[in-house]
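What follows is chain A paired twice: with chain B in the first complex and chain C in the second.
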Partner chain A sequence: MYPVRYEDMVLTKILESKHLFIWPAFLTVLIVSLFPLVYALIVSFQSIRLVPPIPPRFVGLDNYAEIVSSARFWGSITTTAIIVCISVFLQYVIGFTLALTLHHNVRGASLYRVVFLLPMFLAPVCVALIAKMLFHPVLGPVNDLFTIFGSPNISFLTVPPLAIAVLVIVETWQWTPFVVLLMLAGLQGLPSDVFEAARVDNISIWRRFRDITFPMLLPLSIAVIFIRMIEGFKIVDTVFILTGGGPGTSTETLTLFAYNEGFKKFNMGMTSALSFMFLIVVIVFGSVYLAAAQRIVRRYK
Partner chain B sequence: MKKLQKLMTLALFPMASVAHAECVPDYSDVTLTVSTQNGPYIASALRTAGDSWEKRTCGTVKIVEFPFGELFPKFVTALSQKTGDFDVIGFIPAWVPDFAAYLSIMPAEMQSGDDWDDIHPVYRERLMSWDGEIKSATMDGDMHMLNYRADLMEDQANKDAFKKKYGYELAAPVTWDQYYDIAEFFTGSKAVDYGTAEAYARGGQQFWYFFSHAASYTNNPNTPGAMFFDPVTMDAQINNAGWLKALEDYKRGLDFNPPGALNNGSGDVRPLYAGGTVAMNIDWADSGVLGASEGSIAGNVRTAVLPGSTTLWNSKSDQWDSFDEPVASPFLAFGGWQLAVPADSTKQEAAWSYVAEVTSPKVSGKAIVTSNTGINPYRFSHYEKLDTWTSVFTEEEAKSYLGAQRASLDSPNVALDLRLPGFFSYTEILEIELSKALAGQVEPQEALNTIAAEWNKLTDEFGREKQLAAYRSAMGLPPLD
Partner chain C sequence: MRKVFMNHVELKQVSKSFGGIQVIPPLDLSIRSGEFLVLVGPSGCGKTTTLRMVAGLEDASGGEILISGVNVTNNRPGERDCSMVFQNYALYPHMSVRDNISYAMRVHGVEKSEIDLRVGDAIKLLGLEDYIDRKPRSLSGGQRQRVAIGRALVRKPQVFLFDEPLSNLDAKLRVEMRTEIKLLQRKLGTTAIYVTHDQMEAMTMADRVVVMRAGVIEQVDSPITLYEEPINQFVASFIGSPAMNFMEGFINDGTVVLGDQQVTLSPEDAARLCSATPVIFGIRPEHFRRSDHQSELSLTPNVVEPLGAHTLILGSLEGQKITVQVDPRFEVEPDIRCTVPIDMSQAHFFNPTSGIRL
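Moving on to the complex of A and B:
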């Protein structure tokens, strides 16, 4: 048997004492981050109403079953998906185009950079209020424009397809700057020697974009679209102000549905279940998107 | 220096004692937290009353404001969790059933005397009472009324043309059929662009407008309290023939409203009338005040009791009951704002003293004629003192405005608003289906059937017996044996 060295003993002591420092921090983080989720999960299996006060009752998967069988839930998923898919697509296309333009230092680029970013800094509530005025059926300038061409007053916010189109326009207007900002940063980080070589070889602008710029920015594009998709699914304030989810529930998004259950009906069990359903929907959409994105990346490799 | 300080202290001591002696009652150590919706409406009246109360009692009033949409969750959470956050809350009567268990009873001395008798009995005995106890005090009277323009309705050319077309005199409508005749007559006329304006937007107080129509067909004097639910079984009545007629009427009105009316809330309806875009509107008292004080129709503002009907649905016999004369069923939409003192407040005596100040004839009498307070008459003295209204109305306008409100309250068939635990759960379903029917996505009967089924489901979930007892109390009916 070898005698235990003093240094080894000290090292063992240090290794043991590290637990004293790590565990409290680890448990605190665990409690702070996981407790609300676990609590919400437990509530989602109960029937709890604050108004009128009804004692909690375990109902198993009833809340989930009711949600899944509700046409309102599937309607809200469809509405959210339509708004997110179309608006994120437009944000990306317009945002990338603007970023490319600004990257090529057009005259007044620094002014445009500031102007293009402005909508992003506005609170969504303010943007919705501005849009409400713009698309007002009698007083709004958009309607004025249409009436110049002999069109009758258009009720933009009370005809479901038009109301959804307005929501898409508002989302696109507000969040395209976010895409511009990130894509511009990506463009400025690309190595210039590749582009110089392409220019020397007399490769056309379109081919330079298709074969160099786009593939090199593909990972960033995927991340930007992913972020916007996740954020887009949380849309609530714009819809609340512009249409209130109406007419009927035709423009009601998932989060607005959950808000109404929670803060109008005070049905806490159902609201918690809806929150988890929202999480599942976002995960499903996110996974489908990432799988599709991976195939595109592989193709470019 | 110290001597000088002592001398000054001695000199000021009697003055301080005198100051305290002037506090009646002395609440110099009391700070009341009073909460209501964001100002200026209601909150500014509470502030003004707070100033006079502070002066009189040496207490302090702190007004805490929240957006209307957040008010109910804030209050219900604070009351049910007994946080003691508020000493006085300002809210609407529809929430009383959810709050009642957590509110203190109004002191007996406030429930007698001239000031008490001065409150109109509809408020005093019906809206302020819950389960036989007074737990809230009305600080604002509210009901739906019909507003119209005198310059259009009294114009001889209009009168002649109207009589020629419809066969009767043009005057303030007393039935809904007359209302739609007048609305049709003025829509697209030379005098004005549109016939009327009502709120149709989901979340824009739409359902109160629908209730105003429905009251005329369902608040049958032969079946008291059967407007919303059967007062014996608690089965929803909203899909009966009376409600269907009301919904068809309400939808028909869209033809005579400005474009985009489906997105109009009550806030949009007011300027449409005050700005002269429409000949009439249905609204709370605000439209009249706005029209007379800031509108382009000043001097021509006239107010009338809501139209009624000669036939009302009898939910017992499942038939229409006919009446010789139109039965007016003025609907107390919203019912005004009320004040209450939570039972968990540690300053209840001072809080009720403050409530007495806000609702006193003197303070409230000033508030009703001060712009942007949002306070409407609810005391006999408010209706009788015409001279106090000269800053807002002409004499003709004041007579018509106050007369219509008083006549609505005095009406033997006045219809009270729905007050039921879980009020918002019921109205949420109603709003969704109503806006679907208005947008033409579903047929009116289908929408009403869905609402009735969902209302019955909610009633079962909340406890049918409990809901029935609450509903009977709200409708002023005695408990079932």
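Moving on to the complex of A and C:
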């Protein structure tokens, strides 16, 4: 038999001391995030109303059943999905384009770099308020622009398709900088000699983008879009300020729906159930997206 | 049929400045068709910059670059029909070996059968059969190197440009690869410009070597001429390994006086060099040997390095460091003064101020 090796002893020590490192963090996570989650889950199986107060009563899956059978829920999913899909697509395309332009050092790039990032630093509420003024049916400059071409006053925020378009524009305006920031970082991290090799090999700028830049940034792109999608699903403040979900519930998003249930009707059981439905919807969309992304990545692997 | 030009690549008064700093003063260089030209020099002397100007990756600040008689100074890199092997290979990381090699041809619409033929040839030539479907990241340095060469090769360019392609390889592989590259280039007959800071590589591969210092070409000659007739002290010290020894002295009546020792000049040198001139006396370590024009020097060995084929003595002579290469049977002990023969027909003399060989 060989004596116990020194390395093995060190390894055992490390394995023992792992508890010291893991448990505090684990307990914190447990208390801070898991407990509220479990509590919300329990509440979602109950009927609780705060105003007027009704004592909690276990109702099983009734809340969920009610949600799934309500047209308002499916409407809010559709609205959210439309806003998210279109705005994230626009954010990505415009953001990537801007990042490419900035990367190729156009004149005054450092100025643009700062200016382009500003919208991201504004609170969504402020952005929504600004947008509300811009798109005001009578006083807004956007309306003025249209009336120059002889169009009558347009009530941007009260016609459902237009209202959704405005929401998409506001989302895109605010979050494109995020895409610019990350894609620019990605571009600057790419090895420059690979592109020089392509230039020497007489590869056109478009083919360089299509065959080299894009595939090399694909993993980053997937992550950026994923983050924007998840974040996009949480949209509430912009909609709340701009349209309040109206006209009717035609622009109501999932979170706004939950908000209305919770803070207008104070129907906590229903709200918790809605939050979990929201989680499920995000997971479904996220998984579908990742599965699709995986297929694209595999084509390049 | 490609028209054959005597001077395939020509640099006329080409210069380069970064910002306000001129790193390459106007430089003239012509490279013959089919020639293997090596640019060599210490780090930072502007070899890469020169090569990149030929490739078009760096704009020349002044002068003209001609390839096959065509002025390409303002052409994009792609229009120059060069292919380049980069120091860090610059392979497309997301493409397999096969795709890396065939990519440029596919983009340029070369016929499928032709692509397959050329890629197949390159892969066989470079011994990459087992790796064709691998990604660069799962290849070793030497394999990546070969892929990079393959990629440059299949395009059948007018000019090959190599930027220190072997610097990341281990010593053994470097020796193997330099022979392979040289053979390949000779077989294809393509003009090649090769940058290295390794004088061994330069000597073994080149038809002609360009020795550069601080952006200035010091000498352009065949390896053997560089070795035997270096134009100045810089070239003499740069070419050859171990490096040439230099000692200050002066000429006195058919001898060189080095401190309190004297060595006798060969008759030709004695006739050439006037008495009383101060000189830098240069002698390579391998020229401490017996010959017809032999003289002797005594020195104090500090370190003795037996290398098998020969023995190196690192010693001091009149307070100056000196490296001597002797026969392995030569009897020598550290710190015990010894006398070594010098082949004076191989001695060099340099002007102490200008460094020019006399």
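Odds and ends about this structure:
Operating definition for what follows: the second predicted complex is superposed on the first by the 272 of 301 C-alpha atoms of A that agree within 3 Å, B and C clash if a C-alpha of one lies under 4 Å from a C-alpha of the other, contacts with A are read in each partner's own complex, and residues count from 1 in each chain.
Throughout what follows, a residue touches a chain if its C-beta (ideal position, glycine included) is under 8 Å from a C-beta of that chain, and two chains touch if they have at least 3 such contacts.
Fair warning: this is a prediction, and the values are worked out from it, not measured in the lab.
Upon superposition of the two complexes on chain A, no clash is found between chain B and chain C, which fit side by side. Contact with chain B, but none with chain C, is seen for A:155 once the two complexes are overlaid on the shared chain.
Look at A:51: by the touch rule set out above, it reaches chain B but stays clear of chain C. When chain B and chain C are set side by side, the one touching more residues of chain A is B. Shared-chain residue A:267: touches chain B; no touch with chain C.
Vectors from the Cα centre of chain A to those of chain B and chain C enclose 150° in the overlay, to the nearest 10.
By the touch criterion stated above, A:217 is placed in contact with neither chain B nor chain C. In the superposition on chain A, no contact is made by A:179 with either chain B or chain C.
Contacts of A:84 after superposition on the shared chain: neither chain B nor chain C is touched.
Using the contact criterion defined above for the overlaid structures, shared-chain residue A:247 touches chain B, although it does not reach chain C.
Of the two partner chains placed around the shared chain by superposition, chain B is the only one that A:136 touches, whereas chain C remains out of contact. Of all Cα pairs linking chain B with chain C in the superposition, the shortest spans 53 Å.
Interface residues of chain B, counted against chain A in their complex, comprise 69, 72-73, 76-77, 80, 97-98, 201-204, 258-260, 262-263, 421-422, 424-425, 428, 431-433, 435-436, 438-439, 441-442, 461-463, 466.
Put simply, chain A touches chain B in their complex at residues 49-54, 72, 136-138, 152-153, 155-160, 243-250, 260, 263-267. Those residues of chain A that touch chain C in the complex are listed here as 191, 193-194, 196-204, 207, 211-212, 215-216, 300-301.
Chain contact summary for the complex, chain C toward chain A: residues 55-57, 76-80, 82-84, 86-88, 90-94, 103-104, 107-108, 151, 155, 161.
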